[in-house]
Amino acid sequence: MTISLLIRRILFFVKEASHNIKGNLFTNMVAIFTISLALTILTSFAVFFINMEDMLDTFGADVQVIVYLKEDIRSDSTSPMKEKIRSFTEVDSINYVSKEMAIQVFKNELKGQKGILDELGANPLPSSFEIGLKKPFRNSDGVRTIVAKLKVLEGIDDIHYGQEWVDRFTAFLSFFKAAGLIIGVFLLISTIFIISNTIRLTVYARKEEIDIMRLVGATESFIKTPFFIEGLFEGLAGAILAFIMFNAVRYMLLKNIPASFSSLINIPFPVTDFMIILLGIGTAMGVFGSFISLTRFLKQG
Amino acid sequence: MTISLLIRRILFFVKEASHNIKGNLFTNMVAIFTISLALTILTSFAVFFINMEDMLDTFGADVQVIVYLKEDIRSDSTSPMKEKIRSFTEVDSINYVSKEMAIQVFKNELKGQKGILDELGANPLPSSFEIGLKKPFRNSDGVRTIVAKLKVLEGIDDIHYGQEWVDRFTAFLSFFKAAGLIIGVFLLISTIFIISNTIRLTVYARKEEIDIMRLVGATESFIKTPFFIEGLFEGLAGAILAFIMFNAVRYMLLKNIPASFSSLINIPFPVTDFMIILLGIGTAMGVFGSFISLTRFLKQG
Amino acid sequence: MIQLYHVYKNYNGSSPALTDISFVVEKGEFVFLTGPSGAGKTTLLKLIFCSEKPTGGQIIIDGKNTSRFGTREIAELRRKIGFIFQDFKLLSNKTVYKNVALPLDIIGHRPREIKKKVSYVLSYLGLQHRANYKPLSISGGEQQRASIARALVKEPTILLADEPTGNLDPALTNSIMELFLDINAKGTTVVIATHDSSLIKKLNKRTITLEGGKVIQEKE
Amino acid sequence: MIQLYHVYKNYNGSSPALTDISFVVEKGEFVFLTGPSGAGKTTLLKLIFCSEKPTGGQIIIDGKNTSRFGTREIAELRRKIGFIFQDFKLLSNKTVYKNVALPLDIIGHRPREIKKKVSYVLSYLGLQHRANYKPLSISGGEQQRASIARALVKEPTILLADEPTGNLDPALTNSIMELFLDINAKGTTVVIATHDSSLIKKLNKRTITLEGGKVIQEKE
């Protein structure tokens, strides 16, 4: 194939596709609209899921192990102990809380029951380490591992980590991830099916056209290419419309929900990246949709 | 129209529709599949939302107002006071906590810092009322109203109600309801559009058939009725498939999430009601979809 | 039966398809409509059939002015007219049998009656062995005959035939012309658009010749 | 050019459409294929065109046995053959001009060249004023001519015409026959399926007569 023929072909295909889009404007609009709705649903779910996960990650920062030190611990041994604990792979941060700091915190917390404070003479609270964990260990298993490591250390009186809360958090996280994955995969498959089914119906309506093209001597690629371009266009236009609709829904939500939850509907990427991803997915699904629709027709005879 | 003609007509239309479904089997399958996916998404959302709301309602039971009583309160005045508070419209339940019960609870809570307990001599904790609120008042406004009413009572030392938590809960509830409503409406509209668009494409592919029918002298109702029956069938079949898919997804979730969260994917009605609702929505959307698709074609000439 | 008064037809954006056409076809008449390709024969039949609206003039069918017809009246009219389309217009997803039965289904005849009438007309046209075939699985001439069968099965009061023998061999053409003469003798008004000059010569009936949308000749 | 050896064709579930057909058409020959409706003319042309597969026998076109053809070879073959379909098979969403230009677009000619060739063939067939119309907006005869134009524009080495004048008046029929004779004189092999016995008589060319799927007569 010569260069000039190639250029002529490309021009022809693009012209052909745009002519077909205009010629089947109604069908195309219907298809684009359906595609955009499916993409909006998928996008909304993905954005919500990612934000929810981020939010849960910040909750995860609350997973803390508190090591209460013995009353009689020598003050020069706390520093090496801190270093030792910091060196554990699970540990993200460690913070020393002295007896004085502890009583201060306690006072603040107990504002209500002032009576107790009056009764307290000497400071009965121990000094402690507050240990923050690295992300992968912010769960029941992670906590159990570090607690086991801490238990063997000298000078430790007690270890606290709000077992109930950690277990609940871990359970919720695994629920959330499993549910998110299953629902996400289901939505993704649904979107792919809805888009390819829609394109399939538009292609099917033009079965006769394809048959005639073949009778006039057109090769498979000659027949298919304009449909691919059309599918690409439908996917792209659907994605653009989905972007607009998604932002419209988002805007409505922002207007109607307390500001503190607006982070849940943040777009978790730079807007340009978000657009590029959405357009990429849209076009890919459009082309894929026409691909599987056409394979069916071009097989028969 | 005589009865015998009417019966003949009905028989003819049903035969006609079933023939068309067989004749356009592929298109029908594609349409049914798309409809079922859209319905599954809508159903899943509705079920999740209803369950989530139920769960939040149980959380709402945690909204409590605690009234600490003065040290010097006369023991014979607590009983009338309790009755008085119980008579407030906002109050759902009221529970008296004596000084002894309070210290017991405190001891249980403070297991960690044993030091404090050793230091405590006399019981410094006050007696109190724990007040549960009726559903509509389990929010910031409701709490504020009851607190205002409580403040004027004699013998009260302090009122506690975890302001921060109640505010957060109230905010989350309003976020949840607004988001649910907006997303729900969007999903409902999307589903209606996806279904009617899909049916529209199948009807559009048979435009020629409709034109020919008209040329042979068929009245509008004669042309439309088989399409309505077909739309009804597609909607019904789509709903049945959606019911199966929904339960498949649900089953997968149940297998993969901690049992404590399974209530989130409960079907919040008796299964038969659920099926009837789903089938009703499916068929209604199917008939509606063919209705608006056909109006377009039968207008032109 | 069919009266045209100063009928004009312009399809949008092209030279007029019909200009100032006036003629009357009496009940029970047999008329040929002829003229070169693009003369306006099909357009004229479509106007009578109300599948196109005239740009000007009046068309009166069976005493009723079609210009005031709504969809309901048009459907009623079409149930009385048999139209043999130049491009057949068979439903491709229905068998020949069902295509031919359709006009009777629309009128609402009894199934037994429908069966009898359809079988009769199909065997007369030599299509009984194709009854259960779809239109795309039969030959061009067979399609044309199916289209003729569909127009005749309801025993129309008016038969409009647009090039009904273009795909038929001479023997079949003759037998179909005999059929047309036969139903004409029984009272049906027949208008046939055709190029086949030998046919016109042989039957020697009233002939209206169009050219460029105008009547250029009328022969009784 | 076209060789058929003991060719059979059964469409599934019906009596055979063609039985033991053997004949050879030399390069540059002009052949009529005739016979009553349903005789198998269209089927025979479709077999040569590879749009149906024979149930038995061998078909050799231009020295190549078509039984081993894949989609690619079939497309190549069809670019060399001009086929005038009995039912036109025009793309209804494209103008007449684009329909006629399609075979040249497929081959990949230059736009200027395409324009020249298409304009020429359209004006020869009296369709220049219909170039920008869609097939459903022109008369039956105009559609048939558009289909003829599409078959001829690529200057095929073989022309297969299926009832190419069924919708044309005698004058147009004559001028199109002249056109066929003309391209035949320039070397194109021509096979025409027709019922029109007056046409066959007038041209007095080799004629193959089919009936019930069998060759019942061959006249040189």
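The first chain written gets the first letter, and so on, giving A, B, C and D; residue counts start at 1 in each chain.
We adopt the following convention: contacts are C-beta pairs under 8 Å (C-beta built on N, C-alpha and C of every residue); 3 or more make two chains touch, one makes a residue touch a chain.
Bear in mind that the values here come from a model prediction, so they are computed numbers and not experimental data.
Among the other chains, the CA centroid farthest from that of chain C is the one of A. One inter-chain figure worth recording: chain B and chain C are separated by 61 Å, centre to centre, where each centre is the mean of the chain's CA atoms. Centre-to-centre spacing of chain B and chain D amounts to 66 Å, using the average Cα coordinate of each chain. Centre-to-centre, using mean CA coordinates, chain A is 24 Å away from chain B. For chain C, the set of residues that touch two or more other chains is empty. Taken pairwise by the contact criterion, the protein chains form one closed cycle in which every chain touches exactly two others. Looking at which chains touch one another, you get A-B, A-D, B-C, C-D.
On the side of chain C, the complex with chain D involves touching residues 11, 14-15, 35-38, 42-43, 86-87, 129, 133, 137-142, 144-145, 162-163, 166-172, 195, 197-198.
Listed in rising order, the residues of chain C touching chain B in the complex are 49, 51, 71-72, 75-79, 81, 83, 85, 89-91, 93-94, 102-103, 105-108, 110-111, 150. Contact residues on chain B toward chain A in their complex (touch as defined above): 26-27, 30-31, 33-34, 37-38, 40-41, 44, 68, 112-113, 115-116, 118-122, 124-126, 158, 160, 168, 171-172, 174-175, 178-179, 182-183, 186-187, 190, 193-194, 197-198, 200-202, 204-205, 249, 252-253, 256-258, 260-261, 264.
Looking at the complex, you find that chain B touches chain C at residues 5, 8-9, 12, 19-20, 23-24, 209, 212-220, 222, 301.
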